[in-house]
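You will see two complexes here that share chain A, one where it goes with chain B and one where it goes with chain C.
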Partner chain A sequence: MRALIWSELYKLVHQRMTYLALAAILIIEGVVIFSAYFQGNTILDILLDNLRDSFYFEGNLLNGHLLVYLILNSLWFHLPLILMIVSAGLLTTEYKDKTLQMVMLQPVNRTSFLLSKYVVAIIFSLGVVLVLMVSSMGVSYAVFGGGDLVVYLGSLNFFPHEEAFQRILWAYGCGTLTVIFFSVVSVTIAVLVRETTIAWIASAFFLIVANLLLKVDFGDGWFGKYSFVKLNDTWQQLFYQDINWTQIHTNNALILGYTLLFMVIGVIVFKRRDLL
Partner chain B sequence: MILTGQSLTKTYGSLSALTDVDIACAAGTIYGLLGANGAGKTTLFRILLGLIKPNKGKVIINSDRIKPLGGIIEKPAAYEYLSAQQNLRLFSKIQKAPADKTTIENKLKAVGLSPERKDPVRNFSLGMKQRLGIAIALLNDPECLVLDEPFSGLDPIGIASLRSLIQELATKQGLSVLVSSHIVDELSKVCDELIILKEGQIVNRGATQEIISACTESYLISGPEITQTDLWEKVDAKMLRQSVQVFVGAEEIGEIISVLAKKGIQITSCTPEISMSKLFDTDTK
Partner chain C sequence: MRSWINLLGGMLLSQISYGQEIDPDLVMAKERLDAIASFEADLDLTVDISFVNMPPKSAKMSYQKGKSTTFSSEDFILIPKRGLDFSLSEIFKYSFITVDRGFEQYSGRTCKLLNIIPTDSKADFSIASLALDTLTHQVIFSEINTKKDGAYQMLMSYDDNQQAIPGRVEVSFEIERIRIPLQYMGKEVEVDKAQMKAEGLRRGRIILEIEAYDVQLVK
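Up next is the complex of A and B:
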């Protein structure tokens, strides 16, 4: 298994697509910072116009924390989309180039092979989130400095500098689990559809539908509480004034469960299916 | 027998790809699987190599090696963005075969590839990719090598070179080699035994030379002055530009060649023209 994981990482670092994905993520981050630099104060002025008369805000509200929070929003869609394309490609390119067949002609266990794909998709997702986190914090704090964080989630929530940083770190942690879930799903989609373009379309479709359903109110029933589409924004709960840790832990455990479920489905299908 | 397939049957919906195919491969022998496109050659190879499961029948592998069978299906598939050395190292590591520099270089040399080339495999010719594919297939020293259409797309030099590599593997290393093709000429030059597959069924099998002789209806004799003899008036022959198609059996061709030699007529080649209908329709099992 270790040799298979090594080989998957070796392939990943030698593929151009890996670096294109990283570049795309850094460009998105750059665009967010660039827009905030030029338009951030205007938006904040509109939002806080009345409040400035009654409250004193420490430091500039267009600060590093707000920028990192805005970049965190890419965890909703942009980051999973790019990671899903790369993760699905880990398998579909092998189907397309027939290298999968060549690997399966060696004494390699099918389950171990697919699990190594999942592990590498997870490692890559973790790495990308880490790059996003370090670069967004580095650039944002260097350019805009620290200060209080203001977040609008139904109402305006304010967090002092120290608390804001803690919440951002926790949010990255929760967001990472969601990103890993989508990466794992895309590998399973690749197992099911095998064809590169179809896998990309199916992955994007899955992500779009999941994000659309996230906005729909399904009430307090099972689907509204525990379906995976309702777990994608757990990290946002870190930016409510009172954090519901029980809910956050439950959601994180559920998303991990769904991740494992999709992995199991992928392994079962991959093992049973003929390799054409 | 290193590899045995018994009553192998495979269907895809209502389409029957293979029906009750029996096959057995012994060490040091080269077997040729001949069949038209869609005859079921690749399906049979995929079953033998464990890539797909048969609906009926079983594959028995009589070997205690880590990798009893090595193979290439359809086309050699290496990672195009990696070099030959990197590919070989990667494939070695995943199957716990030695992956040190010297071993990798020796494996490349054994199939006639230069260890000096560091560029990606995408720059390689098809013949070179085929050789790399064989090097990968030979990792961990399998006892049987299964090659699906290995000559397809190769130039004449590539074909000759691959043919000698296959013969060397069978003769010097005692490998059992199973090669498929839809071109009889290619298989007849390299295989000890032929298995003819038609519409998913074996219709003919036996020693290559026996099958070729039994199915030869004429010979094409070529030479610069081959048409300039009265011999052709005495046998059933058809004049072509610098060759003559002689409609005789295997027993008579030797005599004709000897007469031509006595007359001092230079012969550059004598090729059997095999009757496809005989080859694919006669059951000589």
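Up next is the complex of A and C:
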């Protein structure tokens, strides 16, 4: 299994698509930082509009924390999309290049083979989120400095510098689980459809539908609370004044459960299918 | 004949109005406040607005007679536009008359309640009420109805009877609740403020704890 993982990592590191994806993510991040900086004042104007009648403001809210928060808001669609393309490609290229049959002629367990694909997709997702986190926070704090973070979630929540930093780190942690889920789903989609272009389209479709359903209010029923489409913005819960840790832990456990479910589906289908 | 009587009556009333003296207790309180040339103090601010969650903040406050009060802080702070005019210079800036409304209890103290009505149209308030402790000549409560910024109240408490500047001020005001979409990137930034303000007015409060005074009196 370990050899398979190393082998998959080797393939990942040596394929051009990996670096194209990284470059795309960093370019998107740059664009988001740029737009967040220019939108920052407008956003603050809207947030603080009615307070302006009663208060003067002393201090700077257009700081690194606000920018990182805005980046967090906008990245959980673009990032999974690109990661899904790379993750699905881990398997579809094997079908396309007919290398899968060659591998299967070796004494390689099918389950271990597919699990190594899943593990590499997860490692890649973790690595990219880490790169993104370090670069976004590094640029934002270096250029715009620290300060209080203001967030609007039904009420205006102000967080002091240290607390804001901690909450942002937790938010990245929560968001990473979502990103991993989508990467795993894309590998499963690759198992199901095999063909590269169809796998990309199906993965993008899955992500778009999940994002659309996230915004639909399904009430307090099972689907509204525990379906995977409703767990994708769990990281936002970290910016409420009082953090509902039980809710966050439940959501994270559920998203891990869904991730495992999609992996199991992938393995079952992969084992039963004819490879040709 | 009737118009002559009206004219005579009007002249008489205007004479009473212009001739009305400013309440002597208010004059004494004003003299105490006027004696302050400058002061610096540490300030703890606690915001109490239903839709604002902000931890207590610290700031430094600096006042110089005839100038605006300035604040500095390492954090982001909300400074009330009204309620920090401890010298009551905004009230005393233009001519006014006072109306004695008797005595009332404020914070366990018996205070003289005065209505202050500006006689100069340049004044930015239409009417103010002040509750004065006539023994210490300290202002305990004020309610000021401004022409532009709505009404606000200040409840003041003092560390001792000698202090001219309060140790604690509670400023209450009206504030509009606002609703903003969860996602405020992109097009969703454009929000209908009129609709958002539909919820109407709510009361807000800011509590100021003032300590470590350094008061300089006029020489």
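We take it that the second predicted complex is superposed on the first by the 259 of 276 C-alpha atoms of A that agree within 3 Å, B and C clash if a C-alpha of one lies under 4 Å from a C-alpha of the other, contacts with A are read in each partner's own complex, and residues count from 1 in each chain.
Everything below uses one rule, namely that contacts are C-beta pairs under 8 Å (C-beta built on N, C-alpha and C of every residue); 3 or more make two chains touch, one makes a residue touch a chain.
Just so we're clear, the structure is a prediction, and the values are computed from it rather than from any experiment.
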item	value
Touched partner set for A:11, first chain B, second chain C, both or neither	first
Which superposed partner A:274 touches (first chain B, second chain C, both, neither)	first
Which superposed partner A:3 touches (first chain B, second chain C, both, neither)	first
Partner chain(s) touched by A:102 [first = chain B, second = chain C, both, neither]	first
Partner chain in contact with A:39 - chain B first, chain C second, else both or neither	second
Contacts of A:142 with chain B and chain C, given as first, second, both or neither	neither
Greater chain A contact set [chain C / chain B]	C
Intersection of the chain A residues that touch chain B with those that touch chain C	none
For the chain C and chain A complex, residues of the former touching the latter	50-55, 59, 71-82, 149-150, 173, 175-178, 180, 182-185, 189, 191, 193, 197, 204
Sites on chain A touched by chain C in the complex	35-36, 39, 42-43, 46-47, 49-51, 53-61, 70, 73-74, 147-148, 150, 152-158, 160-161, 236, 241
Residues of chain B defined as touching chain A within the complex	46, 49-53, 66-67, 69-82, 86, 90-91, 93-96, 133, 136-137, 139-140
Residue ranges of chain A touching chain B (in the complex, touch as defined)	3-4, 6-7, 10-11, 14-16, 97-99, 101-108, 274-276
